[in-house]
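So that you can tell them apart, the chains are marked A, B and C in the order they are listed, and the count of residues begins at 1 in each.
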Amino acid sequence: MRAFIERLLSRPWFGPLGALLAVYLLFAGLRPDTFAHAGNLEMMARQTVVVAICAVGMTLIMIKGGIDLSVGSVVALTTVVVARGLQAGLSPWTAAALGVAAAASCGALNGILVAGLRITPFIVTLGTMSIMRGVAKGLAGEQKIDANAAGLDEWMAILPPEYGFLVVSPGVWLALGLSALAAGALVYTRYGRHIVAIGSNERAARLCGVPVARVTVMTYALAGVLAGMAGVMEFGTLTVGDPTDSLGLELEVIAAVVIGGGSLSGGQGSIAGSLLGALLMTVIKTGCTHVGVPNWVQEILTGVIIVVAVALDRWRQQPRQSSSAH
Amino acid sequence: MLCRVVGLACFFLSVLGACSKEPTKAGLAGDGSAAAETKALRIAVIPKGTTHEFWKAVHAGAVKASRELKVAVTYKGPLKEDDLKQQIDLVQNFTAQKVDGIVLAPLNDKALRGPVKGAKRSGIPVVVIDSALQGEDHQSFVATDNRKAGALAGERMAKLLGEKGGIIVLRYQEGSASTANREKGFIDAIGKHEGVEILSSNRYGGATTESAFKAAESLLAAQGGPDKVAGVFCPNESTTFGMLLALRKTGAAGKIKFVGFDASQKLIDGLKQKHIDALVVQDPFNMGYLGVKTMVQHLRGQSVKKLIDTGAKLVDPTNMDSPAMKQLLAPDLKRWLGE
Amino acid sequence: MSESLIEGPEAEASLVSARGLDKRFGLTRALQGVEFSARAGEIHAVLGENGAGKSTLMKILAGVIRPDAGELSLGGEAYQPNDPAAAQRAGVAIVHQEPQLCEHLTVSENMSLGAEQTRGGLLDRRAMEQHARRALQELLPDAEAMSIRPEQLLAELGPGPRQLVAIARALASADCRVLILDEPTSSLARSDVEHLFAALRRLRERGLCIVYISHFLEEVMRIADRYTVLRDGAAVGLGEVADATLDEWIRLMVGRDVRDLYPRSEHQSGEVALELDDVWTGAGGPAPLTLRRGEVLGIAGLVGAGRTELLRAVFGLDGVRRGQIRVGAYAGPASPAIRLNQGVGMLSEDRQAEGLAATMSIRDNIILSKLRAFVWPRRARREATRWIEKLDIACRDPDQRVGELSGGNQQKVALARLLRHDVDVLLLDEPTRGIDVASRAQIYGLIDDLASRGRAVLMVSSYLPELFGVCDRIAVMCRGRLGVARPVADLDPESVLHEAAVAS
């Protein structure tokens, strides 16, 4: 039993899960009639989808020891590409695929620049963040693009009664499915182990014959695909292509990964933790709206919770580290 | 690991969902419909942003209505100014909270349709303020009647010119409904005055002061400056300010009659210097007030008009210091917002 | 073990001493009742395997950590440093294995870091440089010969001069009485070691008490006056170096006789496995070499002679300037992945930075170089467990992080990776650096076993006894140039040293 508890404590997602439960119970206690309502839970899950899908990609990148600041711009670009595609009369599936393809090429470009030019990912993606935003604005003619959502909005809408068996919106299932795939890939595939190895010690990975450049490009491209899917979901929410959308999304995504046990120096992080981190931020946001806290207090509170969550996590891991000294 | 991730997520959603349903139902039943009338109505007001003066005036107006009508108002805008996604999230949030009504200033006339429809489906009425929303899901649209406001500007322009002369219109941006209506109202009003001729009305100033300034400069040069042009009209703050800068730069300020839109401190200074002859100003305080009031009327079973004009006023150097105008240009926010 | 090794008169003569020190980290008892005593004007060696408690004892003396029980005294008074700064004020300074200096600052800035001299609010560079020059000259009259200039950036210095800068910095602090050196020679070339020893002897003459930790027993024999041996967190031996023998030390450290430190079986030299033809690397050349199956070939030389560069070039980690490397019949382009496919594996000299992924588990590190598209954690754990048993790796379980293991066990994990990959040619770069005697003996046994089973081993080492103990042939490298490999029987350490130090 004790071993079980110790194992549980050592799980990377245990910290964020605790924080999530604590914050959830706090708000549920303050507003039991509205906050703990099933509809509200469904809505919070739905509002987490975009950040969560991006966080899956960001987790892979950060475990590999990189970072992607361009994710917000890529999401915005995807909404514009999808809207343009629909405007041009493409079917919704084709338009969505086009959007994902555009995002994937953005990701691949990030990866090629990082691996090929050997520039630190922070700088590369700082640059591409601006480039992608510019491309999105140019493609959209500097305005929001109206297009018939043609059913893409159903992915992120409240379920109509006849689809009640799904429990939550298809977008939420998509986020969970992608997370499960990524979490599985990290543990059960060669590619996943290579990502962890590069993040843990890139030189050691090279020594073991890991194709570092190829894995790098693949990881950024994969994160691009995920950002693209998030972008399609974002379009489903907005129903317009908005080049100014998702400003600062990258910081929210990075915060989710870090709350979930990810480290900016690589080698650490878990998909489940990142999901919980993303959910935690939605809960704070929604809870503050329910309680009626002004925006500035909400922002301070979010920041405090990020720092406290990460500090607690480090503190929790400390005793295990010091026992290794001799 | 894989099973655990999915399992955990499902577990979390379902368990929390299940255990929270019961007390909610009980709570609703306990309140009953009779009790609901005595309980203060809860109305959410969602602006486009929270830091601009315009929205503070809307907030103050909403607070005034809430005090008069004894309802509770929650005022909450997107965390980041003009963030469409966050505004959509907010509408969904308040819908999930089961507030009694939502007063919304939509950032986009189409993107907010879905959330508003969702609110309606959940039995929560929505009153739209400031900017139009497509569709028929909202109860009422409370805003400046932009066409009327444009016509107001047109009449004043004709009067300023003594019924004759050539004028130019610097439009704002393609696809902006409110300014397009102002432009149309202005042009239609001018059409009734035969001596006044519109020299140009197909140039756009764009989103920023910078782009408006450039467009204004080249437009003035193309039309031959103060010799040929007797008057100019601009439909919003950024084009008005851009035009003001261009007039000053070309030395035409004060020589060309200038009617603009909206009031910022810089534009009021321009008015004082007589570089601007008149400004059409909206009444955001009234917008907030009427938005909440209309919602309460609807909730209390009274019928409400589909379209409510909050009115626009002309400010010129002669009336800008009158108490009524002072109240409009700088409403006493402290009294309502209490800071 | 509570029987004190330190008798009455000894206690009086001692400058720094410890009694009944206890220290726990979680479940492990790092120290249990350690007795220690060192005198002024002596070099006192502290010996012991990794994990015996040497570092913990030194950290306690230097105020880095505090003991759970026991007492310390310094100069006859109770000594309870709360932090390293307090220890320094009391006159106890420590120089770590990897000197903690800032590469981007100059020598003089490093030496006065935290105690900068200013004039009118600005740094007084000249005073600082004079101070640094004086301190270095005091330490080593021919500091100029070692070409340490105070205004030089530290990054321009090699490990030897850096070590001296760190020592000078430690001595510069107010009246230093006890100087603790933790493995000062582990990354030094032979000539730098001589410089260091000269400096240490001068310091001893000045009456300083030097506590000297080292794995290199032969060096300890030369430099130290007295010794303390630690085993399993307790002091098990104390005495005069002059009366001691290597065998006795090893017996004390390991707790048993290590008669066959270098096991040797019959090696059958077979076909050519690796051939270098006129190879030039970034460190120079040429480096001709023929490695056959079933033999262990050693490369001796000074640090910086280009031995590591050669191994890295063979493994495809670095490029080759000129010449050809043939593995079997293949002479095409190389990368680590290609080499591993051909059955060539490499053990890095730098376990922490390159050899292992410290934050990953033992299991992950062992299986990393050879993974199928899908990985089954359970199967991988079983396989890792097999290697852990085979190589006698001391650990909690296969999921323990590699970073938590001792140096010897870490190296065994790195070796397990090569063995699992079943490579034919092993490139071993300093395979026993910083490793305890018992682990070393095991690794020597492994190397011998591999060679007797027809594998080819190319081994770089700065530790001559080990090269002579393990290798069939030894080649000496000097300034990038590799000499002819000759059978061990035809060589003696003196001639190898001569060849390594003097370019022909």
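We take it that a contact is a pair of C-beta atoms (placed from the backbone, for glycine too) under 8 Å apart; a residue touches a chain by one contact, two chains touch by 3 or more.
Quantities reported herein were computed from a predicted structural model and do not represent experimental measurements.
Between chain A and chain B, the least number of touching-chain steps is 1. Taking the mean of each chain's C-alpha atoms, the chain closest to the overall C-alpha centroid is A. Centre-to-centre separation between chain A and chain B, using Cα means, comes to 34 Å. Look at where the CA atoms of chain A average out and do the same for chain C: the two points lie 44 Å apart.
Put simply, the C-alpha centre of chain B and that of chain C have 73 angstrom between them. In chain C, no residue reaches two or more other chains under the touch definition. Residue positions of chain A touching 2 or more other chains, listed in rising order: 187-188.
Partner chain A is touched in their complex by these residues of chain C: 25-28, 30, 50-51, 53, 55-56, 315, 317, 335-337, 339-341, 346, 348, 353-360, 364-365, 367-369, 371-377, 401, 403-404, 406, 417.
Against chain A, in their complex, chain B makes its touches with residues 1-2, 4-6, 8-10, 13-14, 16-21, 23-24, 27-28, 50, 74, 76-77, 79-80, 82-85, 88-90, 92-98, 108, 110-111, 113-114, 118, 121-122, 173-175, 207.
Here chain A touches chain B in the complex through residues 13, 17, 24, 28, 31-43, 45-47, 50, 142-144, 146, 153, 157-158, 167-168, 176, 179-180, 183-184, 187-188, 234, 237-240, 242, 244-248, 271-272, 275, 285-286, 289-290, 292, 295, 298-299, going by the rule given at the top. Of all the residues in chain A, the ones that touch chain C in their complex are 187-194, 196-197, 200-201, 203-211, 267-268, 319-320, 322-326.
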